[in-house]
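Quick one: structure below, then a few questions.
Chain IDs A, B, C and D follow the sequence of writing; residue 1 opens each chain.
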Amino acid sequence: MHAETLTRNEAIPLDVPALAMRGIGKRFPGVVALDGVDLTLMPGKVHALMGENGAGKSTLIKILAGVYGKDSGTIAIGGVETELKTPRDALKKGIKVVFQEIALISEFTVAENIFLEEYPRRADGSIAWKTIRAEAKALFDRIGFAVDPAARTGDLPVSQQQMVEIARALAHEAKIVVMDEPTSSLTPKEVELLFVVIRRLTALGIAVVYVSHKLDEVFEISDTVTVLRDGRHISTKPIGEHTHDSLIHDMIGRRIENLFPRSRTGSAGKVALSVEGLSTDTKLKDVSFEARAGEVLGFFGLMGAGRTELAKAIVGYDPIRTGRITIDGTALKPHDTRTAVSLGIGLLTEDRKLEGLMLELPVQQNMSLAALSSFAKAGFVDEGSERSAVQSFVDRFRVKTPSLFQPIKNLSGGNQQKVLLARWLMRGLKVIVVDEPTRGIDVGAKSEIFALIDRLAGEGLAVIMMTSEMPELLGLSDRIAVMAEGRLTATFSREEATQERILNAAIA
Amino acid sequence: MPQSPSLSASGSASPGLARILFRRSEIGLVVALLAVILFFALASDTFLTVRNLTNVLGQASLAMIAGVGVAIVFISGEVDVSVGSLVAAVAIPLITVMNATESLALGIAAALALGLCVGIVNGFLAAYLGINSLITTLGTLFILRGGVYLYTGQKAIPDDVMLESFFQLGNGRLFEVVPYPALIAFALLLVFAYVMRHRTFGRKVYAVGGNPEVARLAGYDVKRVKFTCFIISSLLATVSGILLASRLGSAVHVAGLGFEFQVVAAVVLGGVSLSGGVGSLFGAALGVLILSFLSNGLGMLDLATEWQLVITGFIIIAAVGFDEWKRRQP
Amino acid sequence: EKMPKKVGYVVNYATHEWYQNVIKGMKDRAAQLGFEVEVKDANLDAAKQIAAAEDFMSQGVDVLIITPVNEDAVVPLLRRAKQENMPIVLEGNPVKGMTTLVAICDYDTGYHAGVEAGKYAKEHLGGKAKVMNVGLPLLSATVLRSNGFMDGIKTEVPDAVMVHDLDGGGNPDRSFEVSAAALAQNGDVNVIYGINDSSSLGGLQAWKAAGKSQDDLLVVGTGGEGLAFINAIEKEPSYKIEAAMFPEKVGFTAIDAAVKLYNKEEVPSWIVSPTTPMLGDGWKKYYSVDGNVRTINWDAVNAVKAPDKCMKTAADLKK
Amino acid sequence: MTTDTLPARKRGVSLSALTDNSQIVLIGLLAVLCIGISLAAPQFYSPDNAIAILRQCALVLIVAVGMTMLLVAGEVDLSVGASLAFTGCVAMDVTNRTHSVVLGALAALAFSGAVGLFNGLVVTRLKINSLIATIATMMILQGGVYLYTREAVQNHHLLDAFTAIGAGYVGPVPIPVIIAAVIFAVGYVTLRFTLFGRYLYAVGANLRAARLSGLRAERLKLLAFVITGLLVGVAGLILASLMNAGQPTAGRGFELTVIAAVILGGTSLAGGRGTLFGTLLGVLVLKIVDNGIIILRWNQDLQMVVPGLVIILATWLDIVRRRNDAR
């Protein structure tokens, strides 16, 4: 029965809206997340949902998924008004959601996660494990996704987990498929794959909601765009009526002159970080490079190339087998984050939730963590100066939060990222390693972060940036290092670097 | 890809024998159990007799039955420490009803009814009202024990009718060899291991414990799953309590003091994580067996209680420490 | 007379001083008679007690001695032992279906201590007796002691009252805690009775911690289990009476009963082990202390007469 | 949900650390208890009884200060009861041998500190879940204390200073209460205002994030275990003095009382949340319930039932309050 899921469902009429949300309102303590928002989806069309961080996109989607109850408004599916009280209701109505935060059970196999919502069963009611594995394999083959269905999900890199999530949305019949930032950690190749899948879905008459901060993707895949700002509905237009600039203007209410500002003039200074012959038991092999004060050193690599491992090894988080890391001439003790941090190196991690956020704690505690000792006199924390420092960063980065005491789990993803970046900037650093710094961040905030990185480098910081975004790599980096399978395969200067050369080195 | 129906916790049928061996902590436990048995077999000549081995199986079965339930609750991401008092409490309706009606079936029904009520209360408080389950069950642990003392006036209630069937339940042996409690324990273990692996309910328990938010998004009724786990745990503890009452021939107000520690230690030793979503019932059962054989063997060596305590403590640390170390290996 | 090769003793709670000394008495006696006693500890766990007895039976001991954690809880065990022809001596309290029991008379012990306490109250406390009973309702034996004490004291001071009836758990810190609360609620007490030494000492410590003087106070302990009471009698002015129960003698008697059972001789179903109140430094008659070791004076203890029958038993409580 | 993690101050409101509203339920409960009990039994308010209650709170509170830190850091210690008994024996024994209260006290602290260190090392180095690790330590200590001494260690030294630790007074106030008050104050300031305290919350809230931020997470946890151990030493010393003997049987169930009080005070078992003020309230509630049952001459078996009910009720009321706050 599952094999037929990808054929056109004749029962879906193409002229009735698959979904009509009208006047949706939702408030959280201290925040109006949504205020009278409309969203209409037509069958077989891709509808992009855009807006700054905290605009309310995920909230709208969670209402659609039955996760949150709405405070006001109506929802009609296929022309029939309904209530979506629980995720189960939504699933039954044929709404499949790929959430922004990965929603898989890491202890389960990939195949089991695919069928989490409804296990195929045998006649006696027991779970048909063979069917599950076979169907998962068949599904993956169909969408050209090469992953072992028997692998433990938690062992997969983030990008593959995200693909598993997407595949999961296809395992059962759906009328509406919603994707909340599905590509935030996908490689370009996987994004292509995803688009093929989306086009297949629309051909079947399925309505797709697509949330992304990546303008190029939106222009490529979507038919219609709805823009939200501060929880309000700003515009809904066919994509053809938009330009890059008009879309950005709708989203943030202003124009962005230059996404990749370059104010730095001076050349790079002395060596701030030097890594020699670094190898780990798991992935890295003989990596050597230098980063200079005042430069942005970009790292590129395909998924699993080892950038995250490199980042964690340099800051002393993961053990290393051989190699020497020095900061400003002082050698680091291996596997010792504390001295690394005290010598002035910090890592903005790729996995916010697992390694960055203290979810239950307020914004203030989250932001001041790394710099806390600098607010302390004789072991006592001066909370006054701590708070004013935090407040100034909240203002500068435009972190959207009702107060400094808001538990950080209630902030939108982008705002959480800003808090974590601020965590490091509050503390004087010599080297900052940023791993996918703009993952899940809106254009406005992106340009702010880019400006910030530029300014930090201008102030003499060595910035090491691991990113999978080619434009941001080319736009910001002074030099670009490329990794493949745990080795450093090439280093280009800003002038030498082209997309082809970089990709060639990454495949090598 | 070769797929064998595996009963591992994660339900993963991993390729490659080496990976299976390293993934499945039960292998380590089996080795540990065999090591314990081998050691005592060499150290004491009365240890490795059919009579002694079956004795231990019978003795272990009470903790095993309750341990299966506690493990299920652990896997669902909650804890249940009320079992220590529950095993004593259920004996009261059991014995009282039997004394009044001379019917074992009615007595068992009464005991199960009380177990069910406790399970419902635990489950309601922990799953539906959202009170931390350690607090909830610590609370019911105290309340039940206090209730038993109040009700019995701190005296045991003797079994006046002395039904042979009741005596046999906890004291008899199949073919004069295998104690009935051991048979009951293994039957329950197999049933629930099957449920946890091959029924959707079991997988829901793992999912709910592994990541409740994800489970909710997948359309599971997280609260109801947890609620059910508490009921299962209480009912299984009731079965333990019934067998215990049969072995003690009465409702003993001090029965099961500290039983919850014993069960929790065994279950954790068996690799069932306190943080939920991880572990298997076979592991939990092996944990119980290891501790039971250890206790029996140390007794055979004529070691004083104090040495037994010290040695058991160090062995728990060594075993769990080794397990953690193994888990950290790539 | 044949001697058994090995006797197994499943003790209620081996870490308690009382049972330590019971075991000591058993081992002494068995050594005299030339055989071995092996001990397994139930550690207050009724289920563990059954398991330990099972283990003994499969190990093949000749006689089992058991101090039940709970009397009702060993009934099935006695039944199984009978099926397997395993002779059992019980220590402590009677059990349905038992062959023989070695025990002190708890009620009598409390009673005689109570009589002495009454005499002391008449002489030193102005004939008034307001008692704080640091008791243990958990066990019938300890309830009997408290009852005996009150009945005994009333023979001398008819208007003696029990001001507080506490559950001190039989351990010192709990006894301390409940006594402190009780004394704060009503401190008009001049006799503290403890069902064992931990209880009387816990009560006394609470008295001292409340800042009260020991001048008009009498403390009565029970058991004479170890060194604690000797220390208290030597150092605390109010600790005057100890109801000695001679645990070593209990062990001694139990071994003799085990030998008789092994030889299939007739044994009485209730063998009473003697007790007696010790006043002031009267303990020196029965014990001598060297450092941390106390030694029993067997001649003096064996000379103490035991009654043939107890005045009251647990069976009387149930009525 | 609102934050009740660190007592958060609202902007512009000056420091008033006690106004954290997450404790309102407990304060209310405490008021109800006090009023209820004293209506039924006026002796409840007698100075004698107040002092008896405070002294009983002292022992629990001293250890609960350490336990709160441990729970905040995401760990737990179940061995404190067994350690309490052992430490008391060590204190009495060493004082007997040396005739020095100072050496006796130091020996007690050294012993219990070492137990804390052992727990900390087992948890941080062997990476064993602290619940199971400290159950094992509990067993080892319970066995060990009987290997060390079968009998209660009697007071042979008869030093007044030793007796004063547990049973002495300064004016009308028992010395243990003063010790507990000082420890509480130091603990409160430490957890609330120092770097160490703030780091404990971070470690408990997200271990990896804390480590990546340069915190020595393992060392911080270790320190929390050692602090708890040392506080057990203080409590053990007081108990030995109060009992006038080192009792190997003491402390049964003490760990559960301590943990119950800490949890009742709103500290989360999951780490990263909790306050010492809440712990103080938790201890008071439990001990007043205990005392009330004796004062009211209720059946003492209720001393098990009522705390069970109170803990569940208080936690539930707290959930309800937070849910309402969130509206």
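Basically, a residue touches a chain if its C-beta (ideal position, glycine included) is under 8 Å from a C-beta of that chain, and two chains touch if they have at least 3 such contacts.
Chain by chain, the UniProt names read as follows: A = ABC-type sugar transport system ATPase subunit; B = Autoinducer 2 import system permease protein LsrD; D = Ribose transport system permease protein.
All values reported here derive from a predicted model rather than from experimental measurement.
Engineer: Starting from the defined contact criterion, work out which chains touch chain A and chain B both, please.
Structural biologist: Common neighbours, chain A/chain B: D.
Engineer: Starting from the Cα centroid of chain D, hunt down the chain whose centroid lies farthest away.
Structural biologist: A
Engineer: Measuring from the mean C-alpha position of chain A to the mean C-alpha position of chain C, what distance in angstrom results?
Structural biologist: The separation of the two C-alpha centroids amounts to 72 Å.
Engineer: For chain A versus chain D, what separation do you get between their C-alpha means, in angstrom?
Structural biologist: Chain centres of chain A and chain D, defined by C-alpha means, are spaced 44 Å apart.
Engineer: With chain centres defined as C-alpha means, what is the inter-centre distance between chain C and chain D in Å?
Structural biologist: Here the centre of chain D sits 35 Å away from the centre of chain C.
Engineer: Which residues does chain D have that touch at least 2 chains other than itself?
Structural biologist: Within chain D, residues 146, 268, 301 contact more than one other chain.
Engineer: Going by the touch rule set out above, which residues of chain B reach two or more other chains?
Structural biologist: Within chain B, the residues that touch at least two other chains are 154, 304-306.
Engineer: I need the residues of chain C touching at least two other chains; which ones are they?
Structural biologist: Where chain C meets two or more other chains at a single residue, that happens at 15.
Engineer: Can you work out from the touch definition every pair of chains that touches here?
Structural biologist: Every touching chain pair, ordered by label, is A-B, A-D, B-C, B-D, C-D.
Engineer: Mind pulling up the chain A residues that touch chain B in the complex?
Structural biologist: 65, 67, 86-88, 91-92, 97, 99, 103-109, 112, 116-117, 119, 121, 125-127, 129-130, 133, 148, 150-152, 281-282
Engineer: Taking the complex as given, what residues does chain B use to touch chain D?
Structural biologist: 125, 129-132, 134-136, 138-143, 145-147, 149-150, 154, 261, 264-265, 268-269, 273-274, 304-314, 316-317, 320-321, 324-325, 328
Engineer: What residues on chain D touch chain C, complex-wise?
Structural biologist: So the residues of chain D touching chain C come out as 41, 43, 46, 48-49, 51-53, 55-56, 146, 150-152, 154-156, 158, 166-167, 169, 174, 239, 242-245, 247-252, 290-291, 294-295, 300-301.
Engineer: Please give the residue numbers of chain A that touch chain D in the complex, ascending.
Structural biologist: Residue positions touching the partner: 29, 315, 317, 337-338, 340-342, 346-347, 349, 354-362, 364-365, 369-370, 372-373, 376, 379-381, 383, 387, 403-407, 423.
Engineer: Chain B touches which residues of chain C in the complex?
Structural biologist: These residues of chain C touch chain B: 14-15, 38-41, 43-47, 50-52, 54-55, 58-60, 69-77, 79-80, 96, 137-138, 140.
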